[in-house]
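Got a structure here, written out as structure tokens. Questions coming.
For reference, chains read A, B, C and D in written order, and residue numbers begin at 1 within each chain.
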Amino acid sequence: MSPARTTTCPFCGLLCDDLEVDPADAKRAPRNACARGRDAYESLAAVDGPPQVAGRAVGLDAALDAAAALLRPLRRPLIGGLDVDIAGMRAILALARHLGAVVDHVSAAKQRNLRALQEFGAITTTFSEVRNRADLLLLVGDGWHRRFPRFIERIVAVDSDLFGPPSRRRIVTLNPIGRDTKAALPQDALHLALDVVPEQLPVLIGMLTAMVDDRPVDPRRSGAVAPALLERCVAWMREARYGVVVWTAADLEGSHAELTVQAITRCIRVLNGATRFAAMPLAGTDGDLTANAVQTWQSGVGLPACYGDGRVVADPERFASPAVLARGEADALIWVSSLGQAAIPAFDAGPTIVFGRADRVFDRSPDVFVPVATPGVDAAGHLVRGDKVVTLRLPAVRASDRPSVATALRGLLDRLGPPC
Amino acid sequence: MLTRLEGVRIIDPAHRAGGAVRDLYFRDRTIVAAPRDDEPVDRTWDCRGMIAMAGAIDLHTHIGGGKVNLARALLPEFAAAAPVPATDRCAPCTAGPAPSALATGYRYAAMGYTACFEPAMLPVNARQAHFEMGDTPIVDKGAYALLGNDDFLLRLLAGGAERQEIADYVGWTLHATQAMAIKVVNAGGISAFKFNQRSLDVDEAHVHYGITPRRVIAALARAVHDLGVPHPLHVHCSNLGVPGNVDSTLATIEAAEGLPIHLTHLQFHSYGSEGDRKFSSAAARVAEVVNASPHVTVDVGQIMFGQTVTCSGDSMMQHRNARHGRPPKWIVMDIECDAGCGVVPFRYRDRDFVNALQWAIGLELFLLVEDPWRIFLTTDHPNGGPFWSYPHLIKLLMDRSFRNDVLARIHPDAAALSNLRSITREYTLDEIATMTRAAPAQILGLTDRGHLGVGAAADIVVYEPHPDPEVMFAAPRHVFKDGVLVAERGEIRAVTRGSLHTVKPDFDRGIERKLEPWFARYQTQSMHSFVIGDDEVCECGHSARLIAHRCVRHG
Amino acid sequence: MTGLTFELRSVPPGIVDGSVLQPAALAGKSRAEIERLPLAAWNETLVVADLFALKGRDAQHVTIHGACDRFERLGAGLDGGTLTVVGGVGRYAGEGMRRGTLIIDGPAASHVGAGMRGGLIDVTGDAGDFAGSARPGAMAGMAGGTLRIRGDAGDRAGDRMRRGTLIVEGAVGGWCVSRMIAGTALVLGAVGPHPGHQMRRGTLLLDAPGCELLPTFNPNGRHDLLAIRLLLDSLAAHGPGVADYGRRAIGGLDRWLGDLAAGGQGEIFVARS
Amino acid sequence: MAEALVLDGVAIEDTFAEAFGMRATRLVVTAASPTWARHAAQTFTGFATSVIACGCEAAIERELQPGETPDGRPGVSILLFALSAKDLQKQLDRRTGQCILTCPTTAAYGGIAADAAKEWLGLGRSLRYFGDGWQIAKRIAGRRYWRVPVMDGEFLCEDTVATIKAIGGGNFLIVARDQSAALAAAERAVAAIEPLWNVILPFPGGVVRSGSKVGSKYRVLPASTNDAYCPTLVGLVPTKLPPGAGAVLELVIDGLDADSIALAMAEGIRAACRDGTRRGVLAITAGNYGGKLGPHHFHLHRILGALP
């Protein structure tokens, strides 16, 4: 396999496709990668371990044989992780159907966006629209910066003249108090900072909504934010020709954050009565959008879901992996994870079988560990980008013996034989 | 392997074989002539008393891509209520208003459909569409790439680009997205909505580019024709769903300047604004023009009463119509300086005046457009209703007394405003076969589909005749896809992978010298990332076969 | 004739759908038939006899002894008769019920009475989150009937509630009656943060003087409205706490209107101490 | 020839009152005090003597004690009659809107049990629009109400009220020596009927003097004065008045059912006849049109015979 000249980074939902691979040394992190991407590329290049059974190095076939032997008598496996590419997810679902497994993605946060979508709807936009069209950005929290390091560079700090001479963007930050993000903003942007205690964010969104909707609320009652700032923000929102609200669901406070997402969406709906406004719920990291998209198109329902007894049933609470594990309901844990490094939950009720990133380290060796190729690094793959619409192909940057998730799971499925 | 269907009545309008009884043979995946006497037949199916038709083709059904998946995600309560349990052949899934890809393939095949075409693939979303189609089992697939709201084209037009350059861009798009045809949705309107323009009629200027939908349609119809793409420009007209939109629809026909044009889900575009409620049927007016315009083909987009969900690229109109949606939750998206989408659930009710009249308007179109070679059976699945209501729709077309019984149950004011009761036409079996097989194959350029001639693909459906056409069409006795028995009496017997149909017109690669910097400067992916190669698209479809259709260049 | 009683013999290995254990599904069935009724679980289908011993006959009065939170959807779709569950219940007890009485003598997990349309649910213990709400993704919560919780309720009680009456005699968690569409909720204990968030219409009656309301609720003054009097009179039979609240409401309750971020036609009443 | 019936010396003619089918509803109006409930009810039932020109017939049925009303406040029950449900709806909308909605402190409730309902009419259903979008629907104890913001707080009324089939035009005529004797007898009859449920006397004070016959010499008029009972026309037209009769007054009774009308007629006739010889009451008769007008016939002898 000849390495590609440019490549696409799989390590956050931005899927930056302007990374350049050093043709002389494919083990070096590609140029243009952010710190987060660099760490991951380098860490993956540094290891080259074989599969393991009970901590002992074995060949791939032996590892798959062992996994199949462990799984064959069991009835209630939980397949977790799911931070994989499309082909990997297809293979996971084939395995889940075979085993009657529960499947759940490691990131629960995107449920917040999904729940708000299912219970209210959404008005959203995509990266290139933001880049060329947005004259006002409301940046909620600091996840856009912390979790998506090149978001500003690639999407916001670009003077697009697509629709005429570029105008200075207006940016409102709704920051947790004490977390200053000003340094991350484009230098020339007009900036308004509404610092807010995280728990008060839904209250602030509500106040802004009521104000843009001309309801007789008293901005002085909104707590910490000065009424004049609120009024300025409302004026900017009304003046915007194309406003965009950006958030990262994982950073919204509290266990009912889907209400905050709905509140933002309601505000956007009101604004669209007169002008154009849209949401940009940044996501896509660790294949969260990918896993849910594949599950949704194949089965018609989302994650988490149970494939037991020849049915598919989705239930965000019952089949959430922490809940399943807490009840002691699962008799095996299969962790499939080729992108991220999230901790594998402790599990004692049966075997733990891990198809994981090659550089994963364990406190306690799982019963079986199969290092798998990371899409976009050791193997080609496809991921859904953070704005949900664009799916990109990620070429491999270097040759590798590691099997892809799809290959490894197909090997396992072949060994499991017909369903019991 | 040589297979014989013995003593079957052949309904094959492409060969004017209306009812001859004979043996039909296919070898492996292809229909063959009767073998020599000494040649052994491997398998014979006794089909005496039965009817054979080519596999049915749906040329406009939303089966894959972002908006369909959004629709699935939007309505978990309906999916949960519509489980499709596993069988020894089929995987478990669900079939809510936006059914899963798996259920889509199973149900189409069980109903005798062997090819389905996704009519609204956004170029930037093409990969996902191919993945979803790739996970739709058994049937053949293909997709129409959406143009006409993409900033690259609108800029070309506003800058007075040459006809050649537009054709090159359209040709490049067909290649890059692995598409089968070009569709335009609310020409310029989706883009205009992003500039806060709330409606755009055919001769109204786009607020930023200053060009009109008429210009966009003319340019695209010309480019598609010049490239020799078999399927004419597939047009979703301006002002979908707006009372009085008949004028926009007729202006759109005019905009094609005599070049071939296909008007899709025409029902949603055949509304007058007469009467107390300012909403009336303009089906007769539209049908008259269609009858007189041999370059025009149409599909209907019949609505069916019940819960469904509308998925459309037309964000402008979906935003406008969202307030009528039930349950009251909806999605609108602006997409990548390329397109948009809107997902709005609808519950069509027979006792609702507007819905009842929409139902009647669709049937009026079916019955007033005379040539079954130019009108196709669609519900614009799922927008007007699910594709599995086709057998019911066929019965409405074939059985006047049944039609009148239903007419008697709908909102009386709507029934009174429609001339449906006075229309006596009943479709014949031959006409149904034409509009569901022969004609769509012809208009798509699928030379080896839609008929039962020697050399055609062995996509064959065998029906047991039944006095009730709904029963007959719902669960054919045998369905063969590429020669494999895939369904019997509504049950799936084998899960195969259909092929992907694309076109590969010739164009000047020089257009990439403009496109590459365009992507670099304005898009958030490179041109290189955007293009889907042949190997890649097969990978999307689990190594499905790619069938690229030839284009004979005109311009 | 004695009521039909199910006595738990063994705790199931995981969540079980118990919706079949109710009058309509049991009526007219022999004991042997009942023992063979399926109970859907994760990757297997158990039958009643795997878990329960049966006594009695009258299927109009069903009692389940020893249930626990592994049994979900007990009394779901109940359409008449009485179902009494002694011990706790899992999620979605009484979901979508239309008629009859569901007595839960113990605690209820989340989503008790989700989407109920009629009848009475009486929970003697505490209830989890989303009491009287809806399934995730569904648009309308409880749409009729009465849900009485004698203990505390969790977060989001009455979320998306559309009609009917929710009475919580203890405290409620956060986001009480979030996104309420209409209906009536009465909370006699303490109330958590953000009551009425995105409430569109409907009535929330609180007995928490000085509780903090969202700034998108505007004070409306003190009112003694005939409709509220009638309402409280009609609820007085649900216990002395409710009756006492009704007596204290005479002369007026402080009224707040909101949520102005969502149209603002809901009302929150707060009794003074 | 039927037996002669004489009550306290007053001859009861062997004839019948002829009544016709109507649609009716009962409305319960409450207010902060009996006075304000009465104000609303009196205004509501004003100009509602006859369907011929008023569109409906209505009157106060009874005043209600606080314990008798849905909201525990003093109130009044009103019966409203019209020839069809459509007419009833029109009058209900107008009269409730102008006379109850407008009156301080009032609330309006349906007074017909749901199980007796023939059909439902909108009450709050159309009045609510006065709230200009601020009205609130509320279901309380199984019934749906509208709360309409008004300047003294909220106007509360039920969403719908039930209608039932009812009877209009029960009647009897008091033939007396002179006007004062007729009036006194009529007043006694009214007082006897007033406490009864299910019936009203829609005419002023419960009494009507302008009894009518069908037709007129003037072509535009459908009815005209009942000349056979007019003392001032004796000698000019064929009279039905016995010798010595100087005045006649009529009581017209609308009721929710035949038994209630029969009871009211019997109670009224007995009261009118009490000590009749001394008080100058000569005879009791009733108005009919030979059975052509309505299906309900109240035979005076049968009514009184049924009651000892």
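The working rule: contacts are C-beta pairs under 8 Å (C-beta built on N, C-alpha and C of every residue); 3 or more make two chains touch, one makes a residue touch a chain.
Note that the coordinates shown come from a computational prediction; the quantities given were computed from them, not determined experimentally.
**Q** Please find the path from subunit A to subunit D through touching chains that uses the fewest steps, and give that number.
**A** Minimum number of steps from subunit A to subunit D: 2.
**Q** With centres defined as the mean of C-alpha atoms, identify the chain lying farthest from subunit A.
**A** D
**Q** Pick the pair with more C-beta contacts: A-B or B-C?
**A** Answer by contact count: A-B.
**Q** Can you give the whole-Å distance between the Cα centres of subunit A and subunit B?
**A** The mean C-alpha positions of subunit A and subunit B differ by 33 Å.
**Q** From the mean C-alpha coordinate of subunit B to that of subunit C, what's the distance rounded to whole Å?
**A** Computed value for the inter-centroid distance: 47 Å.
**Q** Suppose each chain is reduced to the average of its Cα coordinates; what separation in Å results between subunit A and subunit C?
**A** Spacing between the chain centres: roughly 35 Å.
**Q** Using CA atom averages as chain centres, what separation in Å is found between subunit B and subunit D?
**A** The computed centroid separation for subunit B versus subunit D comes out at 68 Å.
**Q** Specify, in ascending order, the residues of subunit B that touch 2 or more different other chains.
**A** 75-76, 80, 329 - these are the residues of subunit B that touch more than one other chain.
**Q** At least two partner chains per residue is the criterion; list those residues in subunit A.
**A** As it turns out, subunit A has residues touching two or more other chains at 118-119.
**Q** Pick one for the touching-chains graph, please: line, ring, star, complete, other.
**A** Other.
**Q** In the complex of these two chains, what residues of subunit A are touching subunit B?
**A** By the definition above, subunit A touches subunit B via 6, 8, 15, 17-18, 86-87, 90, 97, 114, 117-129, 131-133, 154-155, 160, 162-163, 241-242, 272, 275-276, 278, 292-294, 296-302, 307, 310-314, 382, 384-385, 388-393.
**Q** For a test of understanding, state which residues of subunit B touch subunit C in their complex under the given definition.
**A** Those in contact with subunit C are residues 75-77, 80, 327-329.
**Q** Name, in rising order, each residue of subunit B that touches subunit A in their complex.
**A** Going by the criterion above, the answer is residues 64, 66, 68-70, 72-76, 79-80, 82-83, 85-86, 91-96, 98-103, 122, 124-125, 127-128, 131-132, 135, 151, 193-196, 208, 319, 329-338, 521-526, 528-529, 532, 536, 539-540.
**Q** For a test of understanding, state which residues of subunit C touch subunit B in their complex under the given definition.
**A** Residues of subunit C touching subunit B: 135-139.
**Q** Can you tell me which positions in subunit A touch subunit C when the two form their complex?
**A** Where subunit A meets subunit C, its residues are 75-76, 100, 102, 115, 118-119, 199, 202-203, 205-207, 209-210, 213, 215-218, 221-223, 254-256, 259, 262-263, 266-267, 306, 308-309, 315-318, 327, 329.
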